[in-house]
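After this come two complexes, each holding chain A, first together with chain B and then together with chain C.
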Partner chain A sequence: MNNGAGRRINGGAEEDDDEDDVNGDLDAWERTYTDERSWESLQEDELGMLRPIDNQALYHSQYRRRLGSLSSTAARIQKGLIRYLYIVIDLSRAASEMDFRPSRIAVIAKHVETFIREFFYQNPLSQVGIVTIKDGVAHCLTDIGGSPESHINALMKKLECSGDSSLQNALDLVDGYLNQIPSYGHREVLILYSALSTCDPGDIMDTIQKCRKSKIRCSVIGLAAEMFICKHLCQETGGTYSVALDESHFKELILEHAPPPPAIAEFAVANLIKMGFPQRAAEGSISICSCHKEAKVGAGYTCPRCKARACELPTECCVCGLTLVSSPHLARSYHHLFPIAPFDEVTSSHLNNPNCKLQRNCFGCQQSLLDPGNKPGPAVVCPKCKRYFCLDCDIYIHESLHNCPGCDSLRHS
Partner chain B sequence: MASAPSKLYADDVSLVVVLLDTNPFFWSSSSLSFSQFLSHVLAFLNAILTLNQLNQVVVIATGYNSCDYVFDSSSDLNRSFENGRMPVMCSSLLQKLEEFLIKDEQLSKEEPEGKIKSSLFSGSLSMALCYIQRVFRSGALHPHPRILCLQGSPDGPEQYVAIMNAIFSAQRSSVPIDSCYLGSQNSAFLQQASYITAGVHHKPQNLDGLFQYLMTIFATDLHSRSFIHLPKPVGVDFRASSVFGQAQSEAASASDKKRKTPET
Partner chain C sequence: MKFQIEDVTVYFPYDHIYPEQYCYMIELKRTLDAKGHCLLEMPTGTGKTIALLSLITSYCLSKPQSPMKLIYCTRTVHEMEKTLAELKILHNYQIKHLGPQARILAIGLSSRKNLCVNPTVVAAENRDSVDAGCRKLTASWVRALASENPDVAMCEFFENYEKAASAAVLPPGVYTLQELRAFGKEKGWCPYFLARHMVQFANVVVYSYQYLLDPKVAGIISKEMQKESVVVFDEAHNIDNVCIEALSVSVRRQTLEGATWNLSRISQEIDRFKATDASILRAEYNRLVEGLALRGNLPITDNWLSNPALPDDILKEAVPGNIRRAEHFLHVLRRLVQYLSGRLDTENVEKESPVGFVASLSSHAGIDQKTLKFCYDRLHSLMLTLEITDTDEFLHIQTICDFATLVGTYGRGFSIIIEPFDERMPHIPDPVLQLSCHDASLAIKPVFDRFQSVLITSGTLSPIDLYPRLLNFHPVVSRSFTMSLTRDCICPMVLTRGSDQLPVSTKFDMRSDPGVVRNYGKLLLEMVSVVPDGIVCFFVSYSYMDGIINTWNDSGILKLVFIETQDVVETTLALDNYRRACDSGRGAVFFSVARGKVAEGIDFDRHYGRLVIMIGVPFQYTLSKILLARLEYLRDTFQIKEGDFLTFDALRQAAQCVGRVIRSKADYGMMIFADKRYSRHDKRSKLPSWILSHLQDANLNLSTDMALHIAREFLKKMAQPYDKTGSSDKKTLLSQEELEKLGDGRMHEMSY
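Take a look at the complex of A and B:
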């Protein structure tokens, strides 16, 4: 769990020598390497595996992760679950810079792949499209669609960088595409911007206002430095702007966009959306598949309206346009609607109170909550059922499971 | 610092987390009595422990008012390899189960008639998943975990969201959920759970032979399942429970308000 130390180790060794030669003084960020020497706090056990001496640091890193998850489950607010997201990737000259190893674009491509898979896992009803900016012109790399493989394959083929970047062209292109989608969908753009400038044919402020009127939520993740125009764009459209410090930070920032964002209040109208729940075709039945245009045997789904065969779900029926889903796909988004309350930390005053009968084991995994010295260790408590959990269960429950085992193990009348 | 693990975890070492349904409303009306059921299950659990010396079994009781752990084969109390005999696990399991049942009954409150008397399946499933995460965290060498649900109670629609969350989390961690349904109707939740997580679902036709069903279908470890013909899912019931009807009053301000008109 030494993410902090690991980050510094990556860039520290090589760059120290260079900077010492080029300018005699050490910059502030370099002083952290020489002063703190985080690599010295590591220790090896007899198998040669690394383990940190400092348990406090471990606890703190867990605690920080918990705070991160706390902010996302803070309030019950309306969220956009059917999302149409365009990922705009800047393939200008600046993306081939090597301050991210091996190059910015390689890091971007790797994490966009992870992001697309996580996005479709958390939002199975949503669709993604990819736009690239190269030589000052924006191209649509993949159309908006629901299949993660097609986006990832297309992206991995086209990673050459050249020319300038143009924010306005990208926004114009995306605006044109997103205006065609149905009104119940939430329109979003995620721009991964490496350049420090933008070469625009006209007034970008007009484009930003156009995006704002079209209810498109633009977010930017910068890889170089903070730019006013990106910040302005995000503020106007209600998105988030962040600048990545290094590779792991970039991964954290991009994965923050996977869970559904809060819906913009005046734009989120409640609608009835027609969806079909197809039955699985019997094994051994032969029909012509509408997505591949060839005959296939068994294992497909029949559209309830027009009886056309589709290969996989979720998809849109090619013949009649009905959105086809299965109920587990919808169910995957339910935890956003019914989030569980964050657990409270058990304070040290409570732990030391001899009158309180402390639970010895974590309710979820039965791990002992006592330190090796038989003193109470760190624990959290659910505010509703008052059961104690260990820190690892806390993270697992809030990040993956979304159920409190304690609350579910009590019958509510 | 503990010594390096000298055990070698081969492919066929399993950790089976058994969710035992102890709902008194179900067992009072079942053709199989609870004590007969326990004798089948105890023999099955002993058999699993015999299949491989490193196999582990954990039992969680799913009650009507509460859920709790009743047995863990890897805890020190249950390990007694004296004279090469099998660990004696029946007495501790039965004792803890009895304590659990007494406590569960004491928690009963007056319920209105006509409600579906379902057990707290989502609670025990969540606890099982937390335990399995602990096993994953314990290091690179660990047995392959799976969950076996021995349920007879009907599905409780109020648990739909919680059960689906648990199923998706299990799918993400690649933990199969096997289910053996002992009741009279069909359980859509168990069918979905086994289908989505690539587990095995079966509803035995003759409960007197429950031990044989358990041994032939559910005792197989995960690695061997690729060679063995196990019951395949036919016609999984995917109908979503009417969760929005119940939860609408709670979550009226929180949902995206998209509703579906199922066309089947």
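Take a look at the complex of A and C:
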């Protein structure tokens, strides 16, 4: 059994010695129990046959439910496009547990990285900061800012876990930071919580009310089990609470927070925000970069107001504080405001109906909608153009394409 | 929604109904039609109460000519309030649909402690002193005195109530205790006496078990109930114990001392009366010659005590000559007390049948059986005559008379056990003489005989065939329903081994083994690390809990630990803080004892109890003399094997404990039975079917680490959002249309 060794290689540098102690008093045969539970990924169907657990159907139904709940509120809703999001990462002892492989924290770090990139891709006008909780104390790892790289780099350097976790400390810290941001920005906190308890210095209910008053939307993704206090926090502040089943589910949950949430009614008044559209400097020009404080050659952007050089967009000019964006960034936020309607599920009897014979294939990918056994498989239909799509295309259209191919082709023809 | 069950239109105040509620109503309807008794088991959290109430009230409405009345017995005041609140919703709904003809009067009846509105009386700390305080202000002789002497205090509420006389009625409606008090305050009428008066006219009466089962109380309160009434015992899994307690008496040294003191006080009173007004005593004597049944001569409001379950013919007999005179009766009582204290001086445990006891009593103290039989009534009559109001002072002598009457009345089903010391502490002499009742059917027999339908229902009545034998009646319907769930929200597990694969058990020879204790400790520690919020842990006894906690003391536990103690106040405080710890996300563990107060009445729903661990099988203390005597009696009379009864009793306690975590369908929780004996079929099969149906074969023989893994998976699965109404093939909520669509036959299938 080389499980232990294999895992250590997998875990890489992020793991600390802590876990070796945890594993130390387990015998080799016990480790096989905790790690390899191949029988768990099987389930019995109604005929008593063993089948691998059908995760895809599960995920898809969950995805559809979320889609429904998002769009049910109103077809066209004002979205908070300028977001100030703090990601709170729990680095307590519980985060070093290994039910996610190689360890919870490694998984969290990996997906926070994707999330930050995706977040900036979808919300070019927003900013992110990272807060960590360790030994019952909350630390600000990175200040709020618009550069994905700097956050990711800072996070990867600090992944040691120890001590207890304190939700209250983290919320207090974040509340202090978010109170300073301008009123047009949407204040959000995303907490990635591994622990199952919180060790607080005071009454956390007060803190929750404080967050509620300062209109901070708190969402929590748990890694172990549902906790009452997290649920309560999310309910009070209008956030969402979810618990990850496994790694891919966790990824899905965290990416759900990337599209902008509906705007809070009080902020829904129209506001004008001053922005700069910097020019890209000529290749080969040398200038001192204002963000890294060093001379750099080549591609950079020049602030239209103070002429300082910035390396990346979007950002805030270090000198004059102007928000610097490019026009594609703005354009990219557009689709959030006009989402396409969720597709309806097709009942299986419908598909066998001779009248609908034409639509045996997915309109998107042209794959057959029938199962191998020629039974009708799951499919969805666009409420406008009545075209049928398979589940993969459904997700692709809603998540990435943001246009219905059926409706668009109708418009052209 | 409203729907049809056979010929009855049922009005149900909610838009949706659970399938099992519908089945439950069908069974109930059949029982009512058959005018028989029934036993129904349905898990908690499935809306038993509302199903019951709405069917019975609808049944009454559909048959307006029959004077049917619902008597609903609950265990606690809290449950009483909850029932009345449900009834209120239902009543409003029925009025909305049927108009004023659906009006009913429903009241809750409780002790003076809960109903009194007189600020000076209700300030007293316990029930007995409130009762006595009330009597001091309202007894007829006090009021007679007060009419002459204005300085004597009276209760204005009672006076107003008396003045209003027959005008003092409650308008129809549903009254909770709170509302009854408010009504009383507003009108200036005493709510307690008003309620007692209105019980005769009410359509629905909600009160505690004692009012029907305890013969002393039942005689006064429940005398006037018509035969057509439907009696419901809710949460009735312990009904046999309630019956037994109602007829059991224990006498300690303190009781005897108190009784002696009481007797001398009574004799002083007699002397005083002799000196001032001997005619009263003479009048009493004459009355006693004519027989006890004529007690009615006394003002009806003063009927505060009554005879325990005496056959009617005794009431009509004349009181024996030797206790008709007050001072002679006192002599008899003195001799009795003397004799009892002589018996208490014994060095070893004695066990005797009532017949033997009476024989030796008559040879040693010269008191015969007939005299004994009348003790209770004679004392009652004497105290009325002597105008004694502070009845709480005289509890001791009442206990003695109670004892005497029971011994004199019943030859079978009882035994007298004298123990010189507590088994567990043999060095401290604490003699106690117990008259213990073994036959639960004695106390409940009048109820079954008298009323047309008696419904016994609870979340845990398994095995359901044992109850009719214990209570000695023949149900027309006995059924057990399972819960229809949208997801598997309960996860029972049987844990037989620790992670070192050694078996764990609280069997007597294993319980103190350090390996077992360590394994239990480890189980708890590891569970604490994967289960959020609250965990409840039940032990088999206080002594075992103390022992095991001491052993665990060295190992640190992540969460806060709260412990139930025998002290009520301390326990309440611990519970409060436990809840706070769960609310604030700190997480906590509550240690409690099976058969304790917490196991019986406190809910650990939602995050207050995500996991309950039952450590060991909560068997009764099998060396107890009383239990042994009862077992013997059960074997001889009802042919119930000792082992069967013990297992049944232990398992129903265990089920009761673990049932604390699920209080509604949206809730979820895990249950761990940590003892290797649970994996045996004879034990396991006695669990209620709603637990058994979720107990998978794979979870029958787990070790700690496997259980841990299952817990993790389960908690994650349960944290996912879910669809409340259930998917199409597994409906758990039925709307009116769906209900109409479903044929009777289909529903039938579903309930199995």
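Methods note: the second predicted complex is superposed on the first by the 258 of 413 C-alpha atoms of A that agree within 3 Å, B and C clash if a C-alpha of one lies under 4 Å from a C-alpha of the other, contacts with A are read in each partner's own complex, and residues count from 1 in each chain.
To be clear about the criterion, a contact is a pair of C-beta atoms (placed from the backbone, for glycine too) under 8 Å apart; a residue touches a chain by one contact, two chains touch by 3 or more.
All of these numbers come straight from a predicted model, not from anything done at the bench.
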Which partner does A:331 reach: the first (chain B), the second (chain C), both, or neither? first
Can A:367 be said to touch chain B (first), chain C (second), both, or neither? first
Does the superposition put A:274 against chain B (first), chain C (second), both, or neither? first
With both complexes overlaid on chain A, does A:127 touch chain B (first), chain C (second), both or neither? neither
Pick one for A:408: touches chain B only (first), chain C only (second), both, or neither. first
Between chain B and chain C, point out the one touching more chain A residues. B
Contact-wise, after the overlay, does A:227 reach chain B, chain C, both or neither (first, second, both, neither)? second
So in the complex, the part of chain B that touches chain A is made up of which residues? 1, 4, 64-69, 72, 107, 109, 111, 120, 122-124, 126-127, 129-131, 133-134, 137, 159-162, 164-169, 172-173, 192, 196, 236, 238-240, 243, 247, 250-251, 253-264
Which residues of chain C touch chain A once you look at their complex with the stated criterion? 499, 529-533, 558-559, 582-587, 606-607, 610, 705-706, 709, 712-713, 715-721, 723
Could you pull out which chain A residues touch chain B in their complex? 45-47, 76-82, 121, 184, 263, 268, 270-277, 279-280, 304-305, 322, 326-328, 330-332, 334-335, 337-338, 362-367, 392-393, 396-397, 400-411, 413
Under the touch definition given earlier, write down the residues of chain A that touch chain C in their complex. 30, 33-34, 37, 40, 62, 65, 99, 167, 196-200, 203-205, 222, 224-230, 232, 242-245
